[in-house]
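First comes the structure, then the notes that go with it.
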Amino acid sequence: MKTQQAMIDQAKSLLKKLLEDGEATAVFGLARGMGGVTAPRIFTMPDELDSLVLEPKWPLAKPAMEILRTAPGGYRLAVVCRGCDERALVELIKRNQVDADALVMVGVACSGEQASICLCDRPYPSKLDIGEAAHGVDPFDDPGVKYLLEGDTHTRMGRWERVLKRCVKCYGCRNSCPICVCDPCKLEGEPWVRRGIIPTEILSFHLIRAFHLADTCVACGACQEACPAGIPLVTLQHAMRRALREGFEYEAGLDVNEKTPVLFDFIQAPEKDRPIPDWINTLRD
Amino acid sequence: MDCRFVRTTCPFCGTGCGMLLKVVDGRVVDTLPDRESVVGRGHLCIKGWSAHEFVHHPDRLTHPLVKKGDSFERISWEEAISLAAEKFRGIAEQYGNDAIGGFSSAKCTNEENYLFQKLIRAGFQNNNVDHCARL
Amino acid sequence: MTNSITDLAGSKCIFIIGSNAAESHPIIMGEIYKAMDAGGVVIVVDPRRTAVAENAHIHLAIEPGTDIPLLAGMMRHIMDEGLYNAEFIEERVEGFEEFRKFVEGWTVEEASRQCGIEPSMIRRVAEIYAKADESAVVYCMGITQHVCGSDNVIALCDLTMLCGHVGTEHSGLYPLRGQNNVQGACDMGALPNVYPAYQPVADPDIRAKFEEAWGRPLSDKPGLTVVEMVRSAGSKIRGLFIMAENPALSEPDVNHVVESLRKFDFLVVQDIFMSETARFADLVLPGSSFAEKDGTFTNTERRFQLVRKAVDPPGSAKDDFSILCLLGNALGLNFNYESPADVMSEINRLAPPYGGITYDRLERQGLQWPCPNEEHPGTRFLHQGRFTRGKGLFVVPNHVAPKELPDEDYPWYLSTGRMFAHYHTGTLTRRAKQLDREVSRPYGEINSEDAAKLGVGEGGAIRVTSRRGSIVVDAKITDRVRKGSIFIPFHFAEARANILTNPALDPRSKTPEYKVCAVRVEKGES
Amino acid sequence: MKNITVFLCTCFDEINRVVDYERLCSHLSDDPRVAAVTVSRGLCVSGGAGEIGASVKSGDGRVLIAACSPLARGDQVMRDLERAGVPAFRRHLVDLREGCAWIHGNNPAAATEKALDLLNMGLTALEYKEPSADVTLKIADEVLVIGAGPAGMAAATALARCGVDVRVLERGAQPGGMLGLVSRSYPDNTDPSEKIAAFRDLAASDPRITFHSKVKIISARGYAGNFTVRFTAEGEELQAHAGAVIIATGGRVFPPKGYYRYGEVREVVSQIELEARFRKGPVKKENAVFIQCVGARCEERPYCSTICCPASIKNAMRIMDENENARVWILHRDIMMPGTTLEAYYKKAMERGVRFIRYAESDPPRILGDEAVETVEVRDDITGDRRTIPADLVVLSTPLIAGTDAEAIGDLFGIQRDSYGFFREIYPLHPVETRIDGVYICGSARWPVSSEQAMVQGEAAAMKAAALVGRQTIRASEFSRVPGAKFGHARVNEDTCSGCGNCAAVCSFDAIRLQRRSGEGEFRMVSRVIKVRCKACGNCLSVCPNGSMQMPEMNTKALYGMVGKAFS
Amino acid sequence: MAVEVSNNHKQQKATERTPRILVFACKWCGLIGADGAGRKREPLPPNFRVIPVECVGSVEPDAVIRAFADGMDGVIVMGCHLGGCRFNDANHAAFKRLELLRALLEGVGIGRDRLLVTFGTAHEGHQFTDVLRNFTNLIAKKESLDTSWTSSRARMI
């Protein structure tokens, strides 16, 4: 594995080149500031890049989108992207929230250990510029995920209730999710979710939020990391991502032109291999 | 476009979560949790996420105001400061030093609280300084 | 707080009394959840079934204002079963014998009669707290905002010392301070009886040190508190300078407060918005918000943390530091500080516990006082090995029933407090779009059966009247409030909960009794 | 506020036998939304709808009808109310008979409970219903016909004959399409070029028809009654403004590359090449072998184009005409000669001595010979024996497939294509209509058909287009996929729309466009609904993440209100 | 009074009321089934309510979630056969969406079979009663959903 420092130097040189020959107006990445504390930063001059770092994990997709949204015309932002950042930005490009040619993605691979923390099955971007791709982790091997997604429905419901009941309604999950761009958002009021009570209505708040990301969630874990109550929100998404993979052979964020099955290629005639459940035999399967 | 992130501490409850204020062209436009803060560790509550919204609110006071009848009029800083000093000194002379009091604030910084109690204690030789810790 | 926030995650038993942490301190609630995941037992004592109670293992819904009877009952059981930490008491605490007599004066059954919790549950909770190897006590305004508020805290200290749950990493007492720098304001001496670092005003050599440092003679007589100053407007106090406070909304019996504010000869208010209090001012000075100033806040775990200036204040407003410097110089004091860091260096000199707190050391993670010198790493938890006064002291708490209990004219309990979406008087949070969208109208939580009796539907108007005034709020029908009691948050200026509250004060701390007063609730005209 | 009047129909004491109407009336009278409650024995009979309408028309009065199922007399009462002037959003039907009384006869208490809930749901829906703004459109009076094959020509002539202006856009230089490739058409054996010539003269003479050749379409925008198509004809850029568009772009013969050594051995030709030879002159052959279903009725193209068998038989007899002792075989998997005339034609061919051999798909004939074809070896599927036939000409019959530019035309006009590339009709019972109103499809562009069938479909499409273009104006709500007026059309709340495009993607009628927001540097988009095309199926509002997309007649408040009140 | 909040899921037996079922029926197919059942006066348990919708496409997944939040035990969505929908392919879009929602319901423990998405044209009206009875029995066997999660009507937290 390349050492951390080697990766940082490689990133610095690559990004400096982008700035110098005008490929990008600014670079958005992580910087080590005063007192050795890292925070996201926008680098406009090549020498500012000396403070660039790649660790720890800091989801940059959403702030990058918001910067691009308020940027003047012709502004091109180079973003240091981990696998999940790139996939999130791909989904945002698909949803016309980010202008594809105002964005230059510089891919950075995650370490194997980071992959096991995030339970990420693809800890590297498709366009990998820095570092080598570590092999991913299947989220369904994790005991925590198994605990919440297996077993008979009744005990599983009890477990989810006990976990989701801890919600303090800080909206951190929605605020940090790169895909959530709506203002106002359905979670904020009637008739979707009852306002002003803690803990939130689990069945409406959490399920509506989870379902809105059904076919767009890239499992970057930003929601789970932003949740003060430590609720395993990504596990909810794993259930649906598995359904998408098995039912519709689709995974979010891999390719800008790949269409999500929920919105495209509807058919009139019954599909060859999957008979359409008519009224009765639906109950048998 | 000038855009930067400033690390600061949340102005609301006593937990003191670390947060980042996103400043674009001289305006605070967004709040993000500071993942490196030892308190909060990348988490914020509902109020924390909206900490930036009141900063540029149109209702913000922008000029010193003096009461004329039952409405306010703008005055300059020099007039305001001298008016305050002269009025307080007048009261102190007329009714004695103990007639002046001050409410400091749990919203202000330690340095401001220190100066405030020093102002009352050194300025008027009394200890009538308190803040709303009692509620 | 005796310990740090993250220590909570390791506690084996967390005894939460009078604190709705899930709504007032959500991030600290996160640590409590971690403790639960690690096998800790969480016990909640709160008349209301708050979100904390909903997630806790055991919820004791006691009668309002009966905390000391419950604690006395627990301590009696702990003594009877010999679960107290005799060795800790022997070595580190005084006054045990006299305290034992007080505890023997109580029985579990008597305690149960007064606080409404079955004796078996009192015994069970006492055992869990005592037997756990490291137990923490978390409390907030639910304990302190009573006429016997300070006695409640004393009872908690006695319980903690009795079981020796203090001075170790995951035990201790956790008062959750409500505001971002209320700890700092107290530390910096913004109190009538103490200089910075709680150095008493009455102590002559302390006073001499400050007189020498500030170059002005200082009074040795403790000053008046907020409530006393407001009450003596126009008599003892003629001139008042209010910085970033809104007593017109946050003080109890607010109608009287409003009249008093008119009686000052000269009132100066320094704030960032034209608050309800500022309207009565003779001079309003535009201050600056947290985003427009440099300085430090001290959070509830005694940690100094930096606040950095992000933008300039609007219009010609100045940051509060500069205003105070101008005023100081105008009064002939020498307030020529270049920056808040200067002030901090003066604080380092005059307040020993904060001696080592300098800006560059705060950069990374802040520092927890006491931190006497620049090499000191800060203190994570207090009272390790010995108490500040040497040996601890058992003090007998005397229980005083709430001043105003429900009667025929005012049959309901009223409790005021915080809710998750707004902060204190609402001057800041009600101007935030997201928070106003969450809750924008004043409301009162009443039990579903009471609502049915009143014939009020969800969101219907109800008129709440006390001896001091009357307001109309929306009814929020919920089973988490007990029958015959109503909870009203105090964030809404248009229906000030503090019009109703009883200005009875705790004799020592002068904290008003916000948590209990008697009101009448009728169906209001919408 | 109190503006709903409720009419409870007892259906001649059929419903209130089970449901306790007194309880319903008392419950309704103290409901804050209800102004008046009347019970009637038969709303559908006594012309009650008329007076109901009169009593409610003023102000924002709304009517809740509690009677029988819409399929019974419910809809009839609703239509009477419509005629009496009560618009759709101020009336609502609750089914108490089939939906409650008749299926819970054995449990009256529960039936009454359910009736109360159903009424409550109806009141909630009625309370929140809003009208979707109907719009009246002017219809341009010209019809655009794309493609001048048999279908296109038939459509153009039919339209011209009933006085409608037609503009025909033909990709090639001449009209005729695939018909032009054929030497003679079956079964009448006439020369199709006369038909083409006739059309050319008509186009030249009749002022209503304007014909453009060598056309390449650049763009197409607009909706029913208001299409704007920009195209180049003979290199010159033009713009047409049409009320309806008929797509008759036809199909294409499947080139038999890779089948039966075509292109590798001489004298193995496709049907089209044979037709070309006939046009040039007589074809003298001794032994001609026709092989049917080449590349047809297989995995990729599991369909029969119905024109290859008749064409092969026609050409077979033509070869025998030009050389009496010529022998002709037709190797087939099945002979498809539908209809009486073709059946007779088939018999005539047999009488003339055309030999038919059936081969199995799994064991197709093999072409032998290195330079040119010499013999064809085939296993007769019926007798089972293997035979070698001398052959100096092999003709391969291949199916019709979608036209080369079908995809482009489809995207231009927003019409869908099935998995074989042919344009898809909206609904089996509306064969020539597409999901876009005002755009019609006919001929082989829709499905492989013979030229005669293509003409029939051309005229059908022409009549549909004429019906639309014949009107001066039309209301958007008349473009309905259901009997009676449309349920409504979607409405976007533009300031909360985040421009994510979910609705535009999912809309089955291509009725939603994404437009860039105005304002400098603004990258985001906002969605716009084309009222004409929207059919109120509701897919868009189900995928809209923050509820900006609403169906006024069943908006969020109404739907969620009904869900909330279901078991109150 | 003290309440022991046991943290494993409260074992609440299915209360005596039969499970509450909400039926979203599309006017052009689903409703015809319901109407057919009515015409034949088939006795049916009264524990279901029918909401007629223009097309299955307008059944918002969030409305189904809201239904469960408001205390429903089961939801049936009845649309037209794929290929037979008057609104082109709107029913297939709904089918895919609700299939994904079933995956979420399965994940969170409510169970995939509490949401039944069926397709049947008008002439299959006689099956409406069978579907309803089978579905009710299936749901009745399961534990009641009346947990502390559900909102105002079931139990206010």
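We call the chains A, B, C, D and E, going by the order they appear; numbering starts again at 1 in every chain.
Note that contacts are C-beta pairs under 8 Å (C-beta built on N, C-alpha and C of every residue); 3 or more make two chains touch, one makes a residue touch a chain.
Predicted model, so just to flag it, every value in this text is computed and none were measured.
Student: Moving only to chains each one touches, count the minimum steps from subunit B until you reach subunit D.
Tutor: 2
Student: Going by CA means, which chain is nearest the middle of everything shown?
Tutor: Chain nearest the centroid of all protein C-alpha atoms: A.
Student: Using mean Cα positions as chain centres, tell me which chain lies farthest from subunit C.
Tutor: Looking at centroid distances, D is the chain farthest away.
Student: Which chain pair has the highest count of C-beta pairs that touch?
Tutor: Greatest number of C-beta pairs in contact occurs for B-C.
Student: With chain centres defined as mean CA positions, report which chain is farthest from subunit E.
Tutor: B
Student: From the C-alpha centre of subunit B to that of subunit C, how far is it in Å?
Tutor: Inter-chain centre distance comes to 20 Å.
Student: Starting from the mean Cα coordinates of subunit A and subunit B, work out the distance between those two points in Å.
Tutor: Between these chains, centre-to-centre, one finds 38 Å.
Student: From the C-alpha centre of subunit B to that of subunit E, how far is it in Å?
Tutor: 55
Student: Specify, in ascending order, the residues of subunit B that touch 2 or more different other chains.
Tutor: Within subunit B, residues 7, 43-46, 49 contact more than one other chain.
Student: Quick check on subunit D: which residues sit in contact with 2+ other chains?
Tutor: Those would be 506, 508, 543, 556, 560, 564.
Student: Multi-chain contacts in subunit A: which residues touch at least two other chains?
Tutor: Residues 37, 71-72, 165, 168-171, 184, 186, 191-192, 197, 199, 228, 262-263, 266, 268-269 of subunit A each touch two or more of the other chains.
Student: Write out the stretch or stretches of subunit C touching subunit A in their complex.
Tutor: Answer in residue numbers: 22-23, 26-27, 29-30, 33-34, 37, 50-51, 54-55, 360, 363-364, 419-421, 434, 437-439, 443, 476, 478.
Student: Okay, in this complex, where on subunit E does subunit D touch?
Tutor: Residue positions touching the partner: 20, 22, 27-28, 31-32, 34-35, 37-39, 41-44, 46, 49-55, 57-61, 63, 66-67, 70-72, 86-90, 93-94, 97, 153.
Student: Which subunit B residues qualify as touching subunit A in the complex?
Tutor: 1, 3-5, 7, 20, 22, 24, 29-30, 32-36, 42-46, 48-49
Student: Sort out for me which residues of subunit A touch subunit D in the complex.
Tutor: Per the stated touch rule, the residues are 68-69, 71-73, 95-99, 102, 181-186, 191-192, 212, 259, 262-264, 266, 268-269.
Student: Please name which positions on subunit A make contact with subunit C in the complex.
Tutor: Residues of subunit A touching subunit C: 34-37, 165-166, 168-171, 184, 188-189, 195-199, 228-230.
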